[in-house]
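Letters A, B, C and D mark the chains as written, and numbering starts fresh at 1 in each.
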Amino acid sequence: MTATSIKHAPSDVEEVRQAFYKDIARDDLAALWNVMGNFVKPEPDGPAKPALWNYSVVREHLRTAGELITAEEAERRVLILQNPGLPGSSLITRSLFAALQLVRPGEIAPCHRHSQNALRLIIEGGGAFTAVNGEKVYMEPFDLILTPAMHWHDHGNTTEQDVVWLDGLDLGIVQLFEASFANHFDGKVHPETRPAGDGFVRFGNHARPLTGISDYDTTRYGLYHYPYKQWCATLEQMRSDAPDPRHAHMIEFTNPTDGGPVLDTISCFAQLVPGGMSTKSARSSDGMVGTVVSGSGAAIISGERFKLTEKDMFIVPSWMPLELKAEADLTIFWFSDRAAQKKLGLWRSA
Amino acid sequence: MTATSIKHAPSDVEEVRQAFYKDIARDDLAALWNVMGNFVKPEPDGPAKPALWNYSVVREHLRTAGELITAEEAERRVLILQNPGLPGSSLITRSLFAALQLVRPGEIAPCHRHSQNALRLIIEGGGAFTAVNGEKVYMEPFDLILTPAMHWHDHGNTTEQDVVWLDGLDLGIVQLFEASFANHFDGKVHPETRPAGDGFVRFGNHARPLTGISDYDTTRYGLYHYPYKQWCATLEQMRSDAPDPRHAHMIEFTNPTDGGPVLDTISCFAQLVPGGMSTKSARSSDGMVGTVVSGSGAAIISGERFKLTEKDMFIVPSWMPLELKAEADLTIFWFSDRAAQKKLGLWRSA
Amino acid sequence: MTATSIKHAPSDVEEVRQAFYKDIARDDLAALWNVMGNFVKPEPDGPAKPALWNYSVVREHLRTAGELITAEEAERRVLILQNPGLPGSSLITRSLFAALQLVRPGEIAPCHRHSQNALRLIIEGGGAFTAVNGEKVYMEPFDLILTPAMHWHDHGNTTEQDVVWLDGLDLGIVQLFEASFANHFDGKVHPETRPAGDGFVRFGNHARPLTGISDYDTTRYGLYHYPYKQWCATLEQMRSDAPDPRHAHMIEFTNPTDGGPVLDTISCFAQLVPGGMSTKSARSSDGMVGTVVSGSGAAIISGERFKLTEKDMFIVPSWMPLELKAEADLTIFWFSDRAAQKKLGLWRSA
Amino acid sequence: MTATSIKHAPSDVEEVRQAFYKDIARDDLAALWNVMGNFVKPEPDGPAKPALWNYSVVREHLRTAGELITAEEAERRVLILQNPGLPGSSLITRSLFAALQLVRPGEIAPCHRHSQNALRLIIEGGGAFTAVNGEKVYMEPFDLILTPAMHWHDHGNTTEQDVVWLDGLDLGIVQLFEASFANHFDGKVHPETRPAGDGFVRFGNHARPLTGISDYDTTRYGLYHYPYKQWCATLEQMRSDAPDPRHAHMIEFTNPTDGGPVLDTISCFAQLVPGGMSTKSARSSDGMVGTVVSGSGAAIISGERFKLTEKDMFIVPSWMPLELKAEADLTIFWFSDRAAQKKLGLWRSA
């Protein structure tokens, strides 16, 4: 490509440019033409689509998977909620992963840890445990359980019934930053380091241990368990407020050591929309994964209506307006990457 | 004073200097001679002394005060624990105020607010209330109740028994900075703004309200009540740890909105020393006010022994070494200015 | 897919499973088989490759682009440094964009703003300006100029020589979070709001304005200009240290309003490796974009050797070990997503 | 004191109460009667008075002290600006100490460190040095030099002229908290650890060293020198703003490592009031120590007029309204305990 190239007639301009593009591509260069528009948009306009997974449908698939997959392979008995707008991605938004896992009686998972932050919302069954850094947390339906980055975790179902939970992870975020580290524990199960439920009593009572196995100066976490019984009580208490027109009654779960989001990258929320209420349209730049904990109604996402029944999961992509219609009192658990967006100065709502 | 003055013989030097000091005093100047030593010390060495107030003695005085002081004057029915090393100060350390207040059945205090941060530890009686910004908090023995700076507060004893509580305030701190502001509420009692106990359910369950009367972006406080039942459970849980040689089992109460100290200037702690244990000597730069919640034993403060029985109050001045001897399991509630010292980079322990 | 399916002989298992996968795909579900391995890796192992862009080669392409692209289209006269491991991405790492822009005499760019954070390192030419929120910043070679998220910016070359700069943006990050917002200014050029260079004097002298157009309580930025003259002096001063075996002499540019990274998502660094020194292998989880400001030598990235000459750009992907060999004193400007990784708890180095 | 005491006639009440007070005093108890009013005030109303020290008067006393006090005793050649409302306190406000020190040619001070934070504003003479942790900082008139808590410091006048500086310390604060620690350096002078002026180049150019003698993770300080030349330029730049009615042009000096106040407890400010301007009344809860750097005019403090000439020092106690009248352009250096008050939630302005 030389300066003389451009002396061609205007009709040749495009041809000349195409030759130039090829030329520079060999040197790992690309021209900006049209590219910026893919990134710098007046408003979020990503490929993720709104979608809902009806729990009875998913549950039937889980049942089948429970038969197809042996106990030895149980780790793989996970059905990923893949966004229909992100085929092949295994993700529910560009940043987040959501999946349903079935754990059958007697199954135990090997202990490991990784840079990815994870949350677990129990959907069915009670009495199984997740162990975090060697502390067992026993689960009941709709409890939230955390396994923050680089915390050892394993789980076991020592009950006689199936357990189903929702896993939420920041897989897309850690991948973007190419910052994944992981280890397998040397031994299938982490030794018990503390009594079961220890952190809940130790960190969950508005105090910080100054002595013992938890050292304040190095511990940013201590509470891994947010029981449904407790967060539900908070929402019930909020019925004494006039419902917010857009959000009705809503809380964000917090880390008691700093009052911030429960995980470094993921925020969790719970919402109560009283029966009969329709919320006004609201939107935010974090794509939000919802799970219907109880009640029924509908979600209108960017104008598309999704019927909501118990235990359904659904995704409201970034910046898409959401309205909720509650028939019976509607309780929804949400998670999103709001924690990360706020830290990076990116989060917006309207 | 002129240059010629110094031509005097050495024996006159002191005389000449004395004349100089008088001379400059008229211009509001003082010479540094000896002064710095009063301030810049190799180690804390203040006038506050260790002391203990035996509750049965104080209680008897309170009873008398209850008879001497009418209901109309009830606000004045407060006995100040004045440090014997700080006569006339009304303070228990240079920075802190501690007092016992008796509230008789039917008494109601007028509502006010001030820059001073206050805490209340209930010593006797249950069922009375403190209202904070119009939210009633009902109290039981050894509950901790907060009235942070500039929060409206009043209280009432609508029960049929006497209530006694310990008041802790940062009077010395606010005085040092000459930063006291205060208002009387226009109306004896603040109107009820929320259901009784609302904050405990709303902020005490590891969540932050995003809707309703509590606005996350402006609220640094929400939890005013730390029930004994709850903090005692945390200490009990910590029995599973090997006791720390110097502190046995100890927690700091935290503000759930930020994980920090409960008040801007005051930290609160609770400690459990198992029966039979003697702690090793420990010291810190914050003078600490202790209250024996249960158990018995002794405190050795800078070598001086104080017998500890239930409900006794005592003061461990800054940097004085403390050893605790527990006969029966000893539970102590503490408060100090550690919150302020840490923010100002002053706190040390050894 | 029914329970009976699994009664087939072991040889049929894979077939049955494949049928199951197809079945669930219709319901936007995917099985976890193999997927987690793409995300959860023992160490970073992304597709980005190490690469170097020789400036003389790129400069020649820029010259051609300068002829091919008219002044009216000048915004498009940008050559993207596209990672050879990320074809079609327009990105230099998964999170970052880097490009060289040629601005010819007399060209002025229209004013706009966007959620994306941007930095500009001047490579050639002096005297042109970037205006940030209406304040002109005049540029000299190797000055760093910031246009933080949602700050209005335009630029103009009112000199008689070409200007070339390196643009660095967090395009991949904002895309991941689907959080892009942008506006065009109503009018090609933002009105001048302050004297040219105002922020540098106002915020660059270790003071914070309490009066005037900059309001401390709302301003997180004020300094948009980090002159080469100044940062070079800091590196020169550091010659009095024994060089760090792995990093020789290195600084991170800081935002004077909080001492943190210069942008919410991007950190900038400068490094001086004295002539003759070879640094020991170092790695970090942030992929780093280097520009040779002066000197010569080589970079060994994961064992691959790249010759370094003045103004060359190169990329060290996440976690790849880097050794630098300085022939003549080697000064390198770096930028990476370390700011974001640290906030999200992801950053590691070794 | 028994219950029967109160059966006396009403006329005896006061007598009975007096007996009671004496009774409880023996048990280190005091009654609240009247005491709270000394602490909890509707507005700050402390004993500190506004005052001004005319520099020519003080300078003459310093000259005399220079003759009275030998080089061996030079450390004592300090004249304290003692608030006329705080006789015997050695303090200029309850929290702060201010003094003028004369250092004669050839004098060297022994190295020490202490919990107290200190600042130095040079008033006369140039070329002497303060060494902070072994790094010499050479001083010129109206430079600000910091010696933060527990930093080793010594100073020397190796010039042939007298040097006079203003010392500001947080003596009252450290005393209140009984948190004074201090050490003498083993050896009169700290060994030189870095080149003179190193920190200014290393930390003063909007970068943070990642290598070398300054370790980012442990260093909260690095810049000890705020030259007059630099801060004066910032104020001059601000002349392009419309002067703020109450503050004209004003800056707060900042610590480049965090953008916060220069010392943990003390904030420093500089102000320019253009000639002819009269500022509107302003007040704040921090008592402020002013030094006239240049210009002339008057300060009206709580209605009392003080004539201002070059190098005069004056005190505006907490909450007293201040108006400034500038005849010629008036430049004032200020310091106060605002840093501490803000951290403790106490600071207010109006």
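Criterion: a contact is a pair of C-beta atoms (placed from the backbone, for glycine too) under 8 Å apart; a residue touches a chain by one contact, two chains touch by 3 or more.
Given the structure is predicted, the values throughout are model-derived calculations rather than measurements.
A.B. asks: Report back the single chain whose CA centre is most distant from the CA centre of subunit B.
C.D. replies: C
A.B. asks: Taking each chain's centre as the mean position of its Cα atoms, how many Å separate subunit C from subunit D?
C.D. replies: 43
A.B. asks: Where the CA atoms of subunit A average out and where those of subunit D average out, how many Å apart are those spots?
C.D. replies: Distance between chain centres: 51 Å.
A.B. asks: If you average the CA atoms of subunit B and of subunit D, how many Å lie between those two points?
C.D. replies: 28
A.B. asks: Going by the touch rule set out above, what shape does the chain contact graph take here: line, ring, star, complete or other?
C.D. replies: Looks like a ring, each chain touching just two neighbours.
A.B. asks: Looking at the whole structure, which two-chain pairs count as touching?
C.D. replies: Final set of chain pairs in contact is A-B, A-C, B-D, C-D.
A.B. asks: Please give the residue numbers of subunit C that touch subunit A in the complex, ascending.
C.D. replies: Contacts found on subunit C: 1-3, 5-6, 13, 16-17, 20, 23-24, 27-33, 35, 38-46, 48, 51, 53, 57-58, 61, 63-65, 67-68, 75-84, 90, 93-95, 97, 99, 114-116, 149, 169, 171-183, 264-265, 285-287, 317-319, 337, 340-341, 343-348.
A.B. asks: So in the complex, which bits of subunit D are touching subunit C?
C.D. replies: Answer in residue numbers: 194-195, 198, 201-202, 204-213, 216, 223, 226, 230-231, 233-234, 237-238, 240-244, 247-259, 269-270.
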